[in-house]
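You will see subunit A twice below: alongside subunit B first, and alongside subunit C after that.
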Partner chain A sequence: MNYWSFERFFEAWPYILKGLHITVGVTISAFLFALFFGLVWTFLRRIPERHINWIVTWVMEFIRSTPPLVQLFFIYYAWPEIPIVGVTLSPFASAVVGFGIHFSTYIGEIYRSGIESVENGQWEAATALNFSLLDKWRLIILPQAFPPTIPMLGNYFIIMFKEVPLASTIGLTGILHMANSFGSEHFNLIEALTIVGIIFLVLSYPSARLIKKLEVKLNTRFDKNRVIEPIE
Partner chain B sequence: MQDILSISQELSRGLFVTISILIASSLFAYLMGFISGLLRLSKHTVIRKFTGLYIELFRGTSLIVQLFWLYYAIPMLFGINLGSNWIIGVIAIGLNYGAYLSEVVRGSVEAVDDGQTEAAIALNLSSFQKMRYIILPQAVRMMLPEFGNYTIQMLKGTALVSLISLNDILYYGNILRSSNLSQAPLIYLVILIFYFVLALPLIFLTRKAEDISKKGVAN
Partner chain C sequence: MTKPIVEYKDVHKSFGDVEVLKGIDLDIFPAEKIAVIGPSGSGKTTIIRMLMTLEEPTDGDIIVDGKNLWKMDKHGKMVEADEKHLREIRGDIGMVFQHFNLFPHMTILENCMTAPIHVKGEKKKEVKKRSIDMLERVGLGDKINNYPSQLSGGQKQRVAMARALVMRPKIMLFDEVTSALDPELVGEVLEVIRDIAKNDDMAMVLVTHEMDFALDVADKVLFLDDGVIAEQGSASDVIEHSENPRVQEFLSRFRS
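Moving on to the complex of A and B:
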C-alpha cells in the first residue's frame, strides 16, 4: 500500500489543479493588500516624531519576526472571539489579511529603501526649484525611487506564493489542501505532495528567472549597485 | 493576569522542542549553506549543476510542502523509520534554509575583490590556502547580516513542526485553544510574544552583525 504508484500520480493531477486558482487568488489578493499596507507603514515611519517612529519600528519588527502560521491562527481562530471588533472571516479572507499584513512590513521596507536611494541632490534641487510637496514627490522622487524596487517586489510576490500553502491549516482549499484530501482518500500522500512540489517549482522558478533578468536590465539602466537580496 | 501566567506556563513546555529544533536546524543549514555555496563555485560543471539542482529544488518549493514530503517520503524511500519527527523537522528546515544560505555564501565569495585572488596566486598559495586565508575571512564578514536574517526566518519556520505533531510552543497553544475557545485571542497573543522574545536576541545579533560587516570597509 505504501509505495509509489504512477496510476495514482496521474489520477491526482486534475484533482489537485482544482485548487490552483485559490492558491493563486490568495497570493494576488494578499500581495495587493501588502502593497497598499506597505505604503501605510512607509508613511507612518516618515512621521518626524521620535516616539511614534520607535513604536512603528517595533510593531513592524514584531509582525516580521513572529511566525505567519501563528498570525493566521490568530486571525482565523482568535479574532472572532475578541469582543466588539471581532468578525468571523472565511479561510480565504483570513489568508489574504494574514499574509497581507505579514508581508506589508517587508514591502514597507522596500519602499523606504527606494525612497532613501534617491540622492540628496535631487531633494535639494526640488526645494531650490520651489516645487510644491506634491510635485516634488510626483515629478522628482517617485519616478526615481520606484523602478529599482520592482524586482524586489517581484521577489516578494514569489516568496508569498510559496507561503500561501500554510493556509491549508485553516482550511483554505488551495493545492496543498486538495493534495491532502486526495492523499487521505487514497491512503497515500506521497504522489499528491510530489505534484504540489512540481506545481510550485514550475510556477516559481521561471518567474524568479524573469525577475532576475528584469533586475539586471533595471540595474544597467539606473546604474546603481544596490541590489538588496530579499530575505524570505 | 492569572490567565497569562497559566497560559505561559503551559506554553513553556514547548520551549525545549522549539529551541532545540532552531539550534539543530540552523547549524545544519549553515553547514549546508557553506558546502553547497562553495560547491556552486567549483570548476567542475557536473558538481555545479548538481548543487544548483538542490538549491533550485528547495528554493522553488515551500517549506511546508518539503516538510510534509519528507515526513512521508523518508520512511518510504529508505524503508526505515527514523523514529523521531524531530529529526525530520531539523532536516526539512535545514535543507530549505541551507539552499537560501548557499546563495548568500556564493554571493559573498564572489563579491570579494578580484585583486585578492590575484594576490593569492601571485603569492603561490594553494587554492585551499587561498580560500581559507584570503577569501573566506573577507567573505564571512559580508555574510553575517544575512545569516542573522535567515536565522530569524528559521525561528519562524520552526512553528511548522507542530503540524507533524511535535510538541512545540504552537502545539501546546493549539491544545489550550481547543479546550477553551473564548481564550483564543489571549492564547495566540502570548504565543506571538513567546516567539518575539525568542527572536529578540537574534534581532540584536543581526544588527551587531551589520555593524561588523560595515566596519573598516571602504565604499
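Moving on to the complex of A and C:
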C-alpha cells in the first residue's frame, strides 16, 4: 500500500473541507434561482399565444439539450466577449447562473405536471364560487399543485449537487478543486479524491432518504393518488 | 307579474361539429324550482353550465337579472363579455357538482369560509358563524375540522351544498348531484335539497335522474330531448300525465 497514506488522508480533510461551503453554497443558490426561473417558464408556457408558446418551448428544449459544462464555459468565457450585454462574472456567480438556468427548465416541467395534476373540477368549483384569477391560483390551485412536486424537486436538488464539481473547470474553489490542488501539491490524488467521494456520499444519501420519507408522508396526507411521475 | 330572474333566448351550443343545444328558450322566476330531466347526452348539464359561465353559448342570449351574461356593451357595441363582466353577474349564481369538487387541502369549515372572505370581502368572524350554522343545517356540525378525504360521498356532497349556500346565491344549480353516490347515500343528500327547496326562496335548477324527487320538489319540469325542450309543465303534467311518446319511453326506464 505505497499509494495510500493515512497520514495524507487525515491531513487532506481540513484542506478539502475549506471548499465545502462553496460547493454547498452554489448548490443552494443555483437551486433557489432554478425554483424561481422554473416558475417563470411555467407561466410563459401558459400564455395562450401560439408563437410565444413555440419560442418558449424551443428555448427550454435547447437549454435542456445542451450540456451544462458547455453552458458554464459559455457564461464564464464567451459571454464577456459579447458587446453591450457581455458581463464578466466570478466563477461562483457563473456557476449559480449556469446551473440555475439549466435546471430551471427541468423544474418548470415539474411545476407544469404539478399544475396539470389538479383536476379540472377544482378550477370549475373556483369559478362557481367567483374567485378572481389570482385567488384561484393562490388559494386553490398552487396549494394543491406544489406538495406532490416536492419529492421530484428534492431529487433534482441532489442531482444538481452532484453536478456542481463541473464548475471546478471554470475555477470554482469547491471541494473538487481543493482536492485537486491538495493532490498536485503532494503528487498523489488517491486520498484527496476518495475524500471528495465520501463527502458526496455522506451528504447525498441522507438527503435522498429524507426525500423518500417526505414522499411517503405527502402521499398519505393527500388522499388522492396524485404522485407526480418523473419526466423524460 | 314578477319578472324572470333568468331568461334563455334561443340559446345554441355546439361542441365542434356536434350541436348539443338547438335553441333553448326558458324563463326562470325568483324562487322557482325547476327540474331538468331527459336522456343522457340531451344537453341537460350544458344548460346549467352555461349559466354558471363554465361553457360559452355558440349563439343566443342568457339574461340574468336584466343583464346579458355573455355579452357586454362596449362603446355602444355588443361584444363578448370579459372576465370582469362575468364576475359581476356570476356572484348571483351558485352550483353543486356531480363530483363534489371540494378543495382537498382545506378543512370542511375552510371550504365554506374561503369564498365569502376572499371573494366578497366579508368579516371572518361573521362568515365562520354562518358557515358553522350552514354545516349544522346539512347535518355535519361535528365534522367541521375534518378534511374532505375523511368523509363519505354523501357527506362530501352536503358540504358542497353548504359551501355554495354560504355565498347566498339567488340561483342555485344542481348538476346530477346524486349520480356519483352509492345508492344508500342518495337519500341523505336529497333530504338536504328538499329542506333547501322548501325553506329558502332562491331559484333552483336541478338536473336529475330522481323522478320521484323531481315530482316532490319541482314547480316545473323540463324534458330535454335531442337538444330541445321537448316538453315542459308542472311536475305532475310531465312526469305523470304526458302524452309525448318520447317522455313515456324515457320514463318507462325508471319504472320497474
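Here is the rule we use: the second predicted complex is superposed on the first by the 220 of 232 C-alpha atoms of A that agree within 3 Å, B and C clash if a C-alpha of one lies under 4 Å from a C-alpha of the other, contacts with A are read in each partner's own complex, and residues count from 1 in each chain.
By our rule, a residue touches a chain if its C-beta (ideal position, glycine included) is under 8 Å from a C-beta of that chain, and two chains touch if they have at least 3 such contacts.
Keep in mind that this is a model prediction, so the values were computed, not measured.
Student: Look at where subunit B and subunit C land on subunit A after superposing the complexes, then choose clash or fit.
Tutor: fit
Student: For A:201, using the defined touch cut-off, is the partner it touches subunit B, subunit C, both, or neither? Pick first, second, both or neither.
Tutor: After superposing on A, A:201 lies in contact with subunit B but is clear of subunit C.
Student: Shortest C-alpha to C-alpha distance from subunit B to subunit C once the two structures are superposed, in angstrom?
Tutor: Result, nearest C-alpha distance in the overlay: 19 Å.
Student: For the complex, which residues does subunit A have touching subunit C?
Tutor: Residue positions touching the partner: 119, 121-122, 124-125, 127-133, 135, 139-140, 143-144, 222-224.
Student: Quick one: which bits of subunit B touch subunit A in the complex? Just the residue numbers, please.
Tutor: 56-57, 59-66, 68-69, 72-73, 76, 100, 103-104, 107, 146, 149-150, 152-153, 155-160, 163, 170, 173-174, 177, 181-185, 187-189, 191-192, 195-196, 199, 202-203
Student: Mind listing the subunit A positions that touch subunit B in their complex?
Tutor: Listed in rising order, the residues of subunit A that touch subunit B are 2-4, 61-62, 65-71, 73-74, 77-79, 81-82, 162-163, 165-166, 168-169, 176, 189-190, 193-194, 196-197, 200-201, 204-205, 208, 229, 231-232.
Student: Can you tell me which positions in subunit C touch subunit A when the two form their complex?
Tutor: For subunit C paired with subunit A, touching residues are 52-54, 83, 87, 90-91, 93-95, 97, 99-105, 114-115, 118-119, 147, 149, 163-164, 167.
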